[in-house]
Amino acid sequence: MDVDGATWSWPDGGVTEVPYAIYTDPGIFAREMERIFSGPSWAYVGLEAEIPQPGDYLVTRIGVRSVVIARDEEGAIHGFANRCAHRGVKVCRQRHGNARFFVCPYHQWSYDARGRLRGVPFINGVRQQGGMPEGFAREDHNLPPLDIATRGGVIFASFSATAPRLEDYLGDTNLSYFDRVFDGRQLKVLGYSRQRIPGNWKLMFENIKDPYHASLLHVFLVTFGLFRADQPAQVRMDPSGAHGLLISRRGEQGATADTGEMSSMKEDFSLADARLLDPVKEFPDDATVVMQTIWPNLIVQQQSNTLALRQIQPLDPGRFELHWTFFGYGDDDDAMTLRRLRQANLMSSAGLVSADDSEVIKLAQDGVAQYPDDVGVMLMGGRGTDDEDHMVTETAIRAFYAHYRRVMGL
Amino acid sequence: MDVDGATWSWPDGGVTEVPYAIYTDPGIFAREMERIFSGPSWAYVGLEAEIPQPGDYLVTRIGVRSVVIARDEEGAIHGFANRCAHRGVKVCRQRHGNARFFVCPYHQWSYDARGRLRGVPFINGVRQQGGMPEGFAREDHNLPPLDIATRGGVIFASFSATAPRLEDYLGDTNLSYFDRVFDGRQLKVLGYSRQRIPGNWKLMFENIKDPYHASLLHVFLVTFGLFRADQPAQVRMDPSGAHGLLISRRGEQGATADTGEMSSMKEDFSLADARLLDPVKEFPDDATVVMQTIWPNLIVQQQSNTLALRQIQPLDPGRFELHWTFFGYGDDDDAMTLRRLRQANLMSSAGLVSADDSEVIKLAQDGVAQYPDDVGVMLMGGRGTDDEDHMVTETAIRAFYAHYRRVMGL
Amino acid sequence: MDVDGATWSWPDGGVTEVPYAIYTDPGIFAREMERIFSGPSWAYVGLEAEIPQPGDYLVTRIGVRSVVIARDEEGAIHGFANRCAHRGVKVCRQRHGNARFFVCPYHQWSYDARGRLRGVPFINGVRQQGGMPEGFAREDHNLPPLDIATRGGVIFASFSATAPRLEDYLGDTNLSYFDRVFDGRQLKVLGYSRQRIPGNWKLMFENIKDPYHASLLHVFLVTFGLFRADQPAQVRMDPSGAHGLLISRRGEQGATADTGEMSSMKEDFSLADARLLDPVKEFPDDATVVMQTIWPNLIVQQQSNTLALRQIQPLDPGRFELHWTFFGYGDDDDAMTLRRLRQANLMSSAGLVSADDSEVIKLAQDGVAQYPDDVGVMLMGGRGTDDEDHMVTETAIRAFYAHYRRVMGL
Amino acid sequence: MTLAAEERAELEEVYARYADLLDDGPLADWPALFHEECLYLLIPRENHDRGLPLAIMRCESRGMLEDRVRAVQETIMHEPRYLRHHITNVRGARTDDGGYSVIANYSVIEVLQDELPRILSVGRYLDVLTRSPTGALMFREKRVVFDSVMVPNTIVYPL
Amino acid sequence: MTLAAEERAELEEVYARYADLLDDGPLADWPALFHEECLYLLIPRENHDRGLPLAIMRCESRGMLEDRVRAVQETIMHEPRYLRHHITNVRGARTDDGGYSVIANYSVIEVLQDELPRILSVGRYLDVLTRSPTGALMFREKRVVFDSVMVPNTIVYPL
Amino acid sequence: MTLAAEERAELEEVYARYADLLDDGPLADWPALFHEECLYLLIPRENHDRGLPLAIMRCESRGMLEDRVRAVQETIMHEPRYLRHHITNVRGARTDDGGYSVIANYSVIEVLQDELPRILSVGRYLDVLTRSPTGALMFREKRVVFDSVMVPNTIVYPL
């Protein structure tokens, strides 16, 4: 197939049928990198707390592209492509650091925190010989800059200058839940977890936007009543459908009228050390789990007291990386910090719960890759793409693909 | 090159010239998966003895596609694609087992031994919310079924409903030799050997259909007179040329008029422990070696007393897997079982003989991949594709490619 | 993009702008293998000293193609494709050896030192059966021969019969510097170093043709005054620009008016064991470093007293191998041999200097692969492609790409 | 300070048994190698070097180890796999209570069904062993600091 | 039951010599590490765990080991390669006849010409060693149970 | 001739410390494991087997080792990476001066930032150790003969 050759088109059935080709086709992937990750979107790139001081910087990826996020001497945050304007060398090799200038190793062209070219060794040659020709102007060779938006200590960046205001981009509902976690308190980074998952990056979004699977796949969650289909829940989207919220409240444990269909439940499993699960209420509302997905690369996780940002970095159609940043608040006491660290046992590359997801995503990729011409069906909860007040629905996935089709022109 | 773009065509010279591109081109490989492995062919998938009980199942691959072969409560054998009808997840993760239902891990849709969708959790939602929409019918979401044919305890499957009767498919000659080994006696599985070979899958068929190489490459065979060009032999095909038989009878060891050309022979090599080779006659005829190739993925090996099925599982143009199932008969005494196990030293991923073949296939792939526009020549024994009564011929390979060209439309 | 589909063209800006696509595009790579490595060029394949005796041979690669270079009984050197005329198997598996005939392992077709088919087992069949058909002539199945040219003990080969005389190919200037090192004295091979570099093969040529980077990237060179931008130097090309010379003379160490811009210099670094650097003058002229690049696959290195040939073997757009052959002269005394071995610490897969280059090439590939539509700029020293008498220029790279564009038709 | 041969031999036995239980089971016996009050951390070298506390497995008692083992066996959905440890270059020092503080290098090779073997994890054990009343050596602390910060998909079993 | 330091040292020597002969030769001396009546099995873990008897190498005497060695050197066509063993986490128990039953983890890394190193095989040795009249330890039984069930092309040399 | 348990233990300690200093540092302390007059060679097995003298690292004194270490830290531009050694199957013989000649197998796994772990180098140590005046064992000669002749990009650190 050739998506550019117009020899391929999305099957009928709107967003209730998703063609497997979008998980495996290189042409579609290339277009995603162009239109989604380099388009007018806001990609998560890090936390202000990770670069608190002037000169601090971090290196991350937007789509497949390496970028530098740096704080200048005045404390302002900037971003630029991590690729020398001279001959393309990756300028910055460290994941993070502090630097006044960014010096390319090859010929030591140096750039400031805005990615502006400041130094070109031997620009005037040596002993009247060589150097740059007439008409060479440093300002013509700055690094491609990123637009930056921050809110609540979270940094977003865009390759496009035409992205809407971050607040408008998120929409009221998603913005309010974003502010619920990033409420202005100082954030404290607790650590990182990184994993390379052999599946298409969109399978990660499907997974988090899918409350239907949680009570079925996640035996641990169900067994300990942390998340169950019979608990109060809402699914919320922004108007575009790009972003989504999964909100639920812990309910009773043990069997109920509805647990019959949760065949996986282990009623006899009780913890030998209960400290693994001793959640405390820390947010004004009653929600015990809020999973927020922000187009095109972020998951904000509040699962009881474990807070994390999961950044999605696609590698190719069949692989993506998930970079987790665990955090708490500057005013956490030791007990709360310890609680967050303990609960992290549930969520990471070795998480008692999230391991189910990374494993099932691999199985999904293995399955779809064998049948390039088939489609998946997303009918749970009907055919709509609206908000719902229950967990038995794929509405958020349908909404995601409705937006995806618009952006991709598919 | 682009095989679909009709910018490529098979070179002149019929089947005496084989273009190297068929060993390396992705477009040709994709067409092979479609027309050959998903077409009206019978692919070997396993033995009845591997799933003797109701509920027993095994998982294997036809081409690149994972499939489940299951025995239902009534003892009937069925097959279906190992890929959930919901969102494509590999349903079955174990290589074999026993199950009443096949439950997808993601949302626990459950399928019966026919691959028919039986259970959809929360199909009616929870507490009057969610669930499947009007018009959702389970029977619209069964797994793609396979046609099944069995003979002599061997199971074949087809993605196509239009494959001819297995008996007609094999043809009289091949059928009779198939029945020679699978004569109705209970089969006893002795074990498995699996290897991933860095070559195109067709090179494996070429190898087994090629009696010419045996007396030259396989020094061990020649040295111990197990297989030699000067021994009585027949090459037999079915009318289509798809399937083939290589039949030979052990003759004298030591030098003869014809061993001059078998320069590789080691006359001074005698075994320190002769038990490695103490074949006994166990079939009515005099044939000591019968190698049968069955389109598109099976080799039936009878080499003295070691019996094995070799299943070919292509991965991509440059790699395939060979899955060996070694077996004996239910009525073998311990001495015979031990004999088969000892003779297995000659044939496996570490076989004294078959190691030559997996190594030479890698060398062939390495060679052809460098010269995409060149061709191999298959002139030994002339240009024909008919049966022969000697070993000095490539007729079976030519017949194979004549059939290949018809099926592939090349 | 599709370079063959004429949907792609070289950007404006002549050779001062190099599109990143040429480092990553498979279509361009395929054309390079055809037009550059299989075209009328002379590729380095080895040294006469490596195959001194009749029957000696070595195996190497030209582009992605394996070739055999052999010395016949009369002492003449020949070359041929390492790929059996029968069914494509790699005939020769050893890196070097001595053989009268080259026997393919599969069916033991045997070839002489010219690659001419000499033996075909069972060509007349066995006992009046089989064998080759009417009209089969051995001489129709020789291995594709290579043209061979040697000078000063260095062997070059060409897949094309239309390459110019080696002397004309190199041009006067490059020929004279080639003769400077290969002056007719017996060569003594000291050993090999091999590395697989995750970058496009042309990045290696850019690197060696680029005097600009040496005083900036190579802190070790600068610190010890082995190579500095403020030292006397020449850049020389042949008329086509395909080949190049970088010639410099060691100057003072320590800071000077110009070292200010060599920020990397470590003035306080002095060697604990000075024996690492005790160069002696061994060539008539004053040049202490001469790096010669010979299209399409050779670098001749004279860095003080360490002499090496670096052969470039592309694997795919993103990877190439560098095969180093270190040598001295037959009349070296032990002290000189030891000196060469010590100085080899600077140049190899673990070289104190060359490690900078293999590392930076990886960073370049990482950088350009993310931005397929961008270009690198090569403006240092102006826009010209002529010889220069200083190091602050990219003229040799521009000349290289001017030739590249002509050969590639881009 | 170096270990006497007998001390080294005793430690080698402990690590061999440790590898044995994780690679070939029974996994349920593995927590018994730890003291009831113990600390087991599976921590990326990146976090360890930067002084960040987050571990991807954190068990603060033998009970938590048992809970992890049970979850692996009963609740975590995962593909079948084989694991194989190499624990080498054991070095350590005696502690006041007759135990040892030990550093060792480890690697774990993973084999998924129908896949070729691959390196799942590589790094270093930072351990404290103590003696049980019966004199047996038990892990009081075990920090698995893994260099392979980018995890190939999922770590299901303890390392 | 744990091994004394001297016992462990003696076993380490045997395994080091075993690795040495397979990796660096002379291969022809390798069978001499086995008792004349011995059993050497190279068996996929899959078969071993399912109770299936098939091994991909099966030598029932030192003679058969010698035949295999000779075939590797004289009859099997194969590309040149280097192999390198790591044999670790040796654990065992004394047997009545003064020998040992031993379990050890192993991995073998293969280097084909112009290729990068890769893991050829990984798994476990299940061994029985006995004493020769001269007191030397010899293998009476060696079961190489390999986790890497999917073999990367070919296994030419014993592991 | 086999080593006594105490001798083996002492050698294991030396190799553990050797691995420790290269993998976890301080690298600057690593040269102190060598005698002032020493020979360190990092040599491809291909050259070693063919009798070709070229090594890709050649240090003829502790001073040259110190120069290499300093260059690694101050002058060589390289991507950040973690290395991890496994040194196994140590075997050796006592020498007249109370030292040892030792052969051991090694592998080094490399982890580049955001990459999966890979085998950087595998091979064998051919060592001669001698005793310092204080009785400590030091390397007089170390030949690192690596099977992985095709180097994956660059070798920056000594192995």
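In this document, chain identifiers A, B, C, D, E and F correspond to the written order of the chains, with residue numbering beginning at 1 in each.
Note that in this section a residue touches a chain if its C-beta (ideal position, glycine included) is under 8 Å from a C-beta of that chain, and two chains touch if they have at least 3 such contacts.
All values reported here derive from a predicted model rather than from experimental measurement.
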item: Co-neighbours of subunit D and subunit A - touch as defined; value: B, F
item: Labels of chains that are neighbours to subunit D and to subunit F; value: A, E
item: Maximum centroid distance from subunit A, chain identifier (CA atoms); value: E
item: Far-end chain from subunit F, centres as C-alpha averages; value: B
item: Mean-CA-position distance for subunit E and subunit D (Å); value: 27
item: Distance between chain centroids, defined by C-alpha means - subunit A, subunit B (Å); value: 44
item: Separation of mean Cα positions, subunit E and subunit B [Å, integer]; value: 31
item: Subunit A residues counted as touching two or more neighbouring chains; value: 93, 95, 105, 194, 196, 217, 321, 356, 359-360, 363
item: Contacts with 2+ other chains: residues of subunit E; value: 5-6, 8-9, 77, 79, 86, 88, 113-114, 116, 118-119, 149-150, 152
item: Contact pairs between chains, per stated definition; value: A-B, A-C, A-D, A-F, B-C, B-D, B-E, C-E, C-F, D-E, D-F, E-F
item: Touching residues on subunit C, where the partner in the complex is subunit A; value: 18, 20, 206, 212-213, 216-217, 229-230, 258, 261-264, 356, 359-360, 363-364, 366-368, 370-371, 374, 376-383, 388-393
item: Residue ranges of subunit E touching subunit F (in the complex, touch as defined); value: 5-6, 8-10, 12-13, 15-17, 19-20, 23-24, 82-88, 109, 111, 113-119
item: Subunit C contact footprint on subunit A (complex, rising order); value: 64-66, 81-90, 93, 103, 105-108, 121-122, 125-127, 129-133, 136, 141
item: Footprint of subunit E on subunit C - complex, ascending; value: 93-95, 105, 194, 196, 321
item: Subunit D - residues contacting subunit F, complex; value: 2-6, 8-9, 45, 86, 88-91, 103, 105, 107, 118-119, 121-124, 147-150, 152
